[in-house]
Amino acid sequence: MESQHMLSVLKQVQDGTLDIHTAYEKLKISPFEDLGYAKIDHHRKIRQGTPEVIYGAGKTAGQMEGIIRSLLSHCPKNILITRLSEESASYLAERFSLTYDKLSHIGIINRTELLTASGTIIVATGGTSDIPVAEEAALTAEVLGNKVERLYDVGVSGIHRLLSHIDSISTATVIVAVAGMEGALASVIGGLSDCPVIAVPTSVGYGANFQGLSALLSMLNSCASGVSVVNIDNGFGAGYLASMINHIGGNEE
Amino acid sequence: MESQHMLSVLKQVQDGTLDIHTAYEKLKISPFEDLGYAKIDHHRKIRQGTPEVIYGAGKTAGQMEGIIRSLLSHCPKNILITRLSEESASYLAERFSLTYDKLSHIGIINRTELLTASGTIIVATGGTSDIPVAEEAALTAEVLGNKVERLYDVGVSGIHRLLSHIDSISTATVIVAVAGMEGALASVIGGLSDCPVIAVPTSVGYGANFQGLSALLSMLNSCASGVSVVNIDNGFGAGYLASMINHIGGNEE
Amino acid sequence: MESQHMLSVLKQVQDGTLDIHTAYEKLKISPFEDLGYAKIDHHRKIRQGTPEVIYGAGKTAGQMEGIIRSLLSHCPKNILITRLSEESASYLAERFSLTYDKLSHIGIINRTELLTASGTIIVATGGTSDIPVAEEAALTAEVLGNKVERLYDVGVSGIHRLLSHIDSISTATVIVAVAGMEGALASVIGGLSDCPVIAVPTSVGYGANFQGLSALLSMLNSCASGVSVVNIDNGFGAGYLASMINHIGGNEE
Amino acid sequence: MESQHMLSVLKQVQDGTLDIHTAYEKLKISPFEDLGYAKIDHHRKIRQGTPEVIYGAGKTAGQMEGIIRSLLSHCPKNILITRLSEESASYLAERFSLTYDKLSHIGIINRTELLTASGTIIVATGGTSDIPVAEEAALTAEVLGNKVERLYDVGVSGIHRLLSHIDSISTATVIVAVAGMEGALASVIGGLSDCPVIAVPTSVGYGANFQGLSALLSMLNSCASGVSVVNIDNGFGAGYLASMINHIGGNEE
Amino acid sequence: MESQHMLSVLKQVQDGTLDIHTAYEKLKISPFEDLGYAKIDHHRKIRQGTPEVIYGAGKTAGQMEGIIRSLLSHCPKNILITRLSEESASYLAERFSLTYDKLSHIGIINRTELLTASGTIIVATGGTSDIPVAEEAALTAEVLGNKVERLYDVGVSGIHRLLSHIDSISTATVIVAVAGMEGALASVIGGLSDCPVIAVPTSVGYGANFQGLSALLSMLNSCASGVSVVNIDNGFGAGYLASMINHIGGNEE
Amino acid sequence: MESQHMLSVLKQVQDGTLDIHTAYEKLKISPFEDLGYAKIDHHRKIRQGTPEVIYGAGKTAGQMEGIIRSLLSHCPKNILITRLSEESASYLAERFSLTYDKLSHIGIINRTELLTASGTIIVATGGTSDIPVAEEAALTAEVLGNKVERLYDVGVSGIHRLLSHIDSISTATVIVAVAGMEGALASVIGGLSDCPVIAVPTSVGYGANFQGLSALLSMLNSCASGVSVVNIDNGFGAGYLASMINHIGGNEE
Amino acid sequence: MESQHMLSVLKQVQDGTLDIHTAYEKLKISPFEDLGYAKIDHHRKIRQGTPEVIYGAGKTAGQMEGIIRSLLSHCPKNILITRLSEESASYLAERFSLTYDKLSHIGIINRTELLTASGTIIVATGGTSDIPVAEEAALTAEVLGNKVERLYDVGVSGIHRLLSHIDSISTATVIVAVAGMEGALASVIGGLSDCPVIAVPTSVGYGANFQGLSALLSMLNSCASGVSVVNIDNGFGAGYLASMINHIGGNEE
Amino acid sequence: MESQHMLSVLKQVQDGTLDIHTAYEKLKISPFEDLGYAKIDHHRKIRQGTPEVIYGAGKTAGQMEGIIRSLLSHCPKNILITRLSEESASYLAERFSLTYDKLSHIGIINRTELLTASGTIIVATGGTSDIPVAEEAALTAEVLGNKVERLYDVGVSGIHRLLSHIDSISTATVIVAVAGMEGALASVIGGLSDCPVIAVPTSVGYGANFQGLSALLSMLNSCASGVSVVNIDNGFGAGYLASMINHIGGNEE
């Protein structure tokens, strides 16, 4: 897809409508805007096929406002903000149309219903404490145009709770399995389904949990096929990847 | 899918053609065959939609022979054996039609060309030492009916080597990025493509590599979206998952 | 129980049949025999209620022969030897009546059928590679007088295999769950049963398994109640503890 | 025990009093109540033979109130709440009859004396700083119907303090050994007693203690037989398992 | 030394002045006083030859008051309290004659000059940030009757600072080397001196220091002979051990 | 350089203008001033060729004031203070001419423009969250007399952003690569340039980042030549080393 | 430097001597040769200014022969092979003019004296066991045109050995400090010199050395300025970087 | 002690019998002999007061022969060689009078009875597998002139075995406690004695022992006072330090 840009520039050089030094600059540098603290890449949406996302952690409300204003010009709907504190959410809510979920710290500017893929993404959790991470995944996937079904608190120590949802599990296109503690949910779901399972270890637990290391290692060692893992507590990453996979399955017409 | 089985059993009870104690047994137990050392599940192929796979590590050649004979009755082609030693391969080659790849220690019984998905899977490596793991992924994906393109030795310390393949990267359905040492390949590919990237850390390296920990942590912390990770050196798992995702994109007709 | 000994000594002092210096020595030192390389404690059997056990790792066949000869005088049957190499087993087999299991490296001198507890111990494994550790547990429990039921290769990625044994699981007195890789077996069994579950992580696996760390952490973080954990690959410890618990439930008459 | 339910449903189908579709639903799903944040399983008490327990960490006082109200309908006494903050305890104390222990953060709704097993559980600690975890174990065991004897501050660096309790140690049915720092208490007690020892590492200590890792590894490597380990600071788990084992020994009449 | 007690009891039994049941109790239990939260062992001073020490961390001011009152009856001077917070120090200062050092959080009740050993203990630090731990060691050693010389901020990156004290180093009886970061001080001092060096790693540093792990491992791997290591930040332990060694060298007359 | 001092002292002994005991003292001890809490070494500037630096962490504002006053007598300009809190900065600003950068917590007393080396140092970051560490490096290098070019937010997941600066990268004398998360920036820059690359891992990230361990290991395992690593978040160390290397390249005239 | 290539291609398009599709291909792909197992980049020498290097680990003698033949066409002298086994060295010695050092496993094809930089590189080791890694560094630096001075076995536990070389240390341009065990050498040298110090941790040691982790952490936490670290046992990387830095200082004429 | 040398040199300069340049050289360099592979420091014996020791690991028999010949000129008796392989021992035995202990791999050249300190060193082990490390400590201490008492196999899981030696423990000058697995021996001995305890963790064990980490952490966290720790399996270091401490207590006349 970059080649289109390069060929077009080369064409202009050939036609004599562009000098080679300007061409050189055009070929070397992708257009992005320098705000002083972060380079916004308007082309990325096209390159990666997704709405804009702002990683809120470590950014001031003022910085985020600047980024949002820059993004709105070309992306008027469904700008996703992850790890958005309540304080920053209040600040932004006064300036933009913001939907905010306290549990997952997800904010969405100009939220609009969107369904662009035909399959269903299941987001499942082992316990109730895993729900904030799961909601980060679920809301991310919804903003990106997916139908999401939530199966919360279906951990493996009460396997009948999970088995009662066997029909959903059998028909999903992709499943996000969110679990802390021993992280066994991913393996059990991986054994029950024949679709990709994205495992999200959470830092829920204490002691020999070591801030999520226990669930992380469990999931990496899953004996079920079709399971891959993202970073501890990375609900956004799982939701984003689930959407990517779900859109391979064809669009909703 | 289980529900069909359950409803059929219940129907027979209703009809009076099955007593409740036999029904109870049928509902409780899925059919599988007990060889003494491993339970072969003939239904799994249907449930998970894939050919049979034997994990060769820790199994004697004799045990594998028994498993293969049991599987052949219902799965006559493309039985995949991972981590198959050269010694066991010799033993099996005398008894079956075996294709064996020394580098990746992959064996295939009754190998047959198969193309059941329309997309392309790229398998890329950072260095030449990562190739055995990459071949495990690539051969697994091929046996499972996928078209595979290999991009080997395109590590990030010579970024132009990777960039020269930008067209392939742009059009792949799913990419398997195999790398040891610093494991940066997954992030760079993740930034260049808009398809799912399955990262496979390898144990290639020494010192502070700590048997693959370095690459594993790098890949889990990737700042690129769409990247997920499997276990260190788990080429099979990556190839299997890549095939699963590629088949979501529709079948080859 | 020590008090009987102390009171008897004190009585002799009171009666004047024992001088205080001899009494002092008797009170201070328990009787044990010094072989130069290991102190054999003949009283331990009484104190801990079990036959003698020799930890074979790091002992020469000759050293073990000496220990066995010393033990036979007061413990004529069912001397258990763990981690016994094939070489040492050959040496001992020429000198004693030895039953040897190659898989688990368990040796038993003068093996005799014994059933002293009324309950049943289940020993379950996640995969076939976990069987050596499981057999160490099972044979230990059998030598200690327990009825043992083996459920091998019932790992959580094929949950129906485990569920088909729900009746056994429901009626066991204590369950030993042996698993490597992600170690989820303990949690699932813990959720299905209402008896103590002794989890044995194994070093089976590779990569991020880190020689059993993954299964160990999983099992320690189990969200099921009633689960406790022994050292990685410690089948003997699990079998011994299971026997201890099973004997609380009353003797076989 | 599930089989009774299944057979009863199958009987109704056989009798024609139940259609197969309703039967299918009954067989597939166990009854539980959906509160939106946690699924309460009224059948679990029967399956696992214990009163209800609420894991208080990460739950709001309001959420706990809802769960308690739901539980009270079928479990009117001795609902145990672990990791209950003082704030939430105040809130609940205004609405229920709550017994609260500040040290261990244990709350009990409608506490009632209960003795259902004949043996004695010893809960021992190495130091005074381990007492909060020990009390979590002791109170849990008491609520579950056990007689508990506390031996606090009997750490191994003053071995005479522990030895002075040798009579209690000799007659206990099960011992919970709670210790931080070097965690040696479990091994010494394991060598003195012939009953199961449940070791609870605590995070008490500093420096190379690494939040309980030191005690955890010590206990897992115990050279005494009959010792198993639960998670760091998991007093509840130890008390629960101790009760399970103690009840094997027969009921108090 | 215990034997004196035992022989005396046995003598009384022999003489008929003590019945055997009372004797049994006397032999079994060492005398200590139960305050409910900590068992004070008045005999320990004699057994270990040192004044009393209270580990202040995790104890309330009230609890410490109780312990101090109990101790004062037999140990009227120089009661050492480690890890004493400023708040608790204020509380105790109102009730006792307390000397308090804010930097090291050491408190001393009824401090009195004391010199009972003839040698000199050097306490050296790598940097200024290590001084709190060093003072814990130095004050402990002083309270225990030692002459202490402080060499602070003589870290190895300016080796001339350390070398300028070569005369002191050559004549010390024992040296406490306190250092964080790379912890090299212990090795260099170990090479310069021919007396025991007690190394105290500190948690001073950041990043790959990992809370003192870096200095701890360095010190354990010291290539200099005569170096041993105590826990991270354990100034008290080092001062106590230094005093023990210094007193082997003979008393100050 | 020390030899000049030694020879001069020896000359005076030879000349009889110095007695041997005074000479001994002069040879043994380098001159430094003892402030009680830190030994200031006025000779170090000469020995290491750099202005004075105060490591602010763990020092009170008052302590720093004392050190500054001592240093000013011989180093009137550009005293660098790292890890200076805002509170201490306020205190010092009232007493000295202080330039303070909030982001990097760098303070400079009597800042003066200085350019003593001819090459250029590039300081690059992977993301915006790495900027505080990068500024610590950049300001340190500037105070030490270097020309610094900043390339911020050029992380590898958007490789075109980095490639657009290829001309700067090609002509730099030394590059400081600052990155958290997967830390791949150092390898990619190392592959693009032919000058030394100093890699600074940062603690930016979460989960399996483990406070910078992920980036640290990545950078140590870099497959690009010419890359070395400093401690996590050690911007100062990188800036200082970069200056040292840059000055090898010759002075600015 | 790439810009020259790009501008030249663009010039040809402008002149009409090159069509845009050929230009596109030229701009996208750097020339390299595909041997099937490793891509040789003839341009790299120019880009990075160094002779060719082959990482011998994991390559067969035959593969290395192929690579060498390809390289010789444009790089006739001083091809460096690291981690070359004795077996492979024998094979290559029969086919090329090979200089081989058994200790460091370094091989050099067509070795020729070369001195292209004016400064001196010191390579120092803590002990004799570190010499193989040090020789890897020293030989690499020599092949790259540097004067190298070796200071072996000057570890910090005998500081006078190091201090006796103070003159060399004072005049070096860059120092490579190679040490295992506690790795303190780098800090002490860093304090004595005012030039860059490249620290190489080695895996020499045992126990809490953890395969070089101890030295690695020590060196990363060095309190001396100007110290940076490469991977454990990475002598080549240190020698290469030292050469890079030394060449900044101007060429030998 | 160095001052004598310095003063003597200065005196000669003063007297005019030495020129300043020669004096400079004498002052700067301590005399040692360069064998090419290791610098032997004949002065070290005087400085550190001990016979010579050769660390045999990683040295060829030939290298050791050279070192021994050099040492014999000034140290004719009791040269200690640690980690000496059986092969090298055979080689040396043909050339010198060598006493060799297979278990501990200790060799002694020209062994001679020696008793230079009046106290007794106890060397205790937890199990029989710890004896090789313990013998390394015991033989080292004997060669260095100490009386050594061995208490082997007195681990804490059979505490009565240890307690039966209470008289020895009470009268020792210093105790070396050698233990693997949970390493609790050091704490229990530390509580029973009032002399310094040197703890030696061993790598004996398996699984969560992690090559001695478990025992190491236990010993560092010992709650007994007077305990310090050396590296895993470092019997020599413990024996050497024990001798150093024992000699403080005065010489044997």
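In this document, chain identifiers A, B, C, D, E, F, G and H correspond to the written order of the chains, with residue numbering beginning at 1 in each.
Criterion: a contact is a pair of C-beta atoms (placed from the backbone, for glycine too) under 8 Å apart; a residue touches a chain by one contact, two chains touch by 3 or more.
Remember, it's a predicted structure, so these values are computed and weren't measured experimentally.
Peer 1: Name, by label, each chain that touches both members of the pair chain C and chain D.
Peer 2: Under the touch definition, chain C and chain D have A, B, E, H as mutual neighbours.
Peer 1: Which rotation angle, from 0 to 180°, best lines up the CA atoms of chain A with chain F, given as a multiple of 5?
Peer 2: About 90 degrees, rounded to the nearest 5.
Peer 1: Count the C-beta pairs in contact for B-F and for G-H, then report the pair with the higher count.
Peer 2: Pair with more contacting C-beta pairs, B-F versus G-H: B-F.
Peer 1: Using Cα averages as centroids, what's the distance between chain C and chain F in whole Å?
Peer 2: 59
Peer 1: What whole-number Å value describes the gap between the mean CA coordinates of chain B and chain G?
Peer 2: Each chain reduced to its C-alpha mean, chain B and chain G end up 39 Å apart.
Peer 1: Mind pulling the chain D residues that touch 2 or more other chains?
Peer 2: 3, 28, 158, 163, 166, 207-209, 213, 216, 220-221, 225, 231-232
Peer 1: Can you give me every chain pair that touches, using the contact definition above?
Peer 2: A-B, A-C, A-D, A-F, A-G, B-C, B-D, B-F, B-G, C-D, C-E, C-H, D-E, D-H, E-F, E-G, E-H, F-G, F-H, G-H
Peer 1: Quick check on the complex: what are the chain B residues that touch chain F?
Peer 2: Where chain B meets chain F, its residues are 126-127, 155-159, 163, 181-184, 187-188, 190-192, 205, 207-210, 213-215, 217-225.
Peer 1: Using the touch definition from the top, list the residues of chain H that touch chain E in their complex.
Peer 2: Those residues of chain H that touch chain E are 1-3, 47-50, 53, 119, 166-167, 170, 173-174, 194-196, 198, 216, 220-221, 225-232, 237-238, 240-241, 244-246, 248-250.
Peer 1: If we count contacts the way the header does, which residues on chain C are in touch with chain E in the complex?
Peer 2: The touching residues are 3, 6-7, 10-11, 13-14, 16, 19-21, 23-24, 27-28.
Peer 1: Chain D touches which residues of chain E in the complex?
Peer 2: Residue positions touching the partner: 28-30, 32, 37-39, 41, 44, 57-59, 201, 203, 211-213, 216, 231-234.
Peer 1: In their complex, what parts of chain D are in touch with chain E?
Peer 2: Spelled out, the residues of chain D in touch with chain E are 128-129, 131, 153-154, 158, 160-161, 163-164, 166, 204, 206-209.
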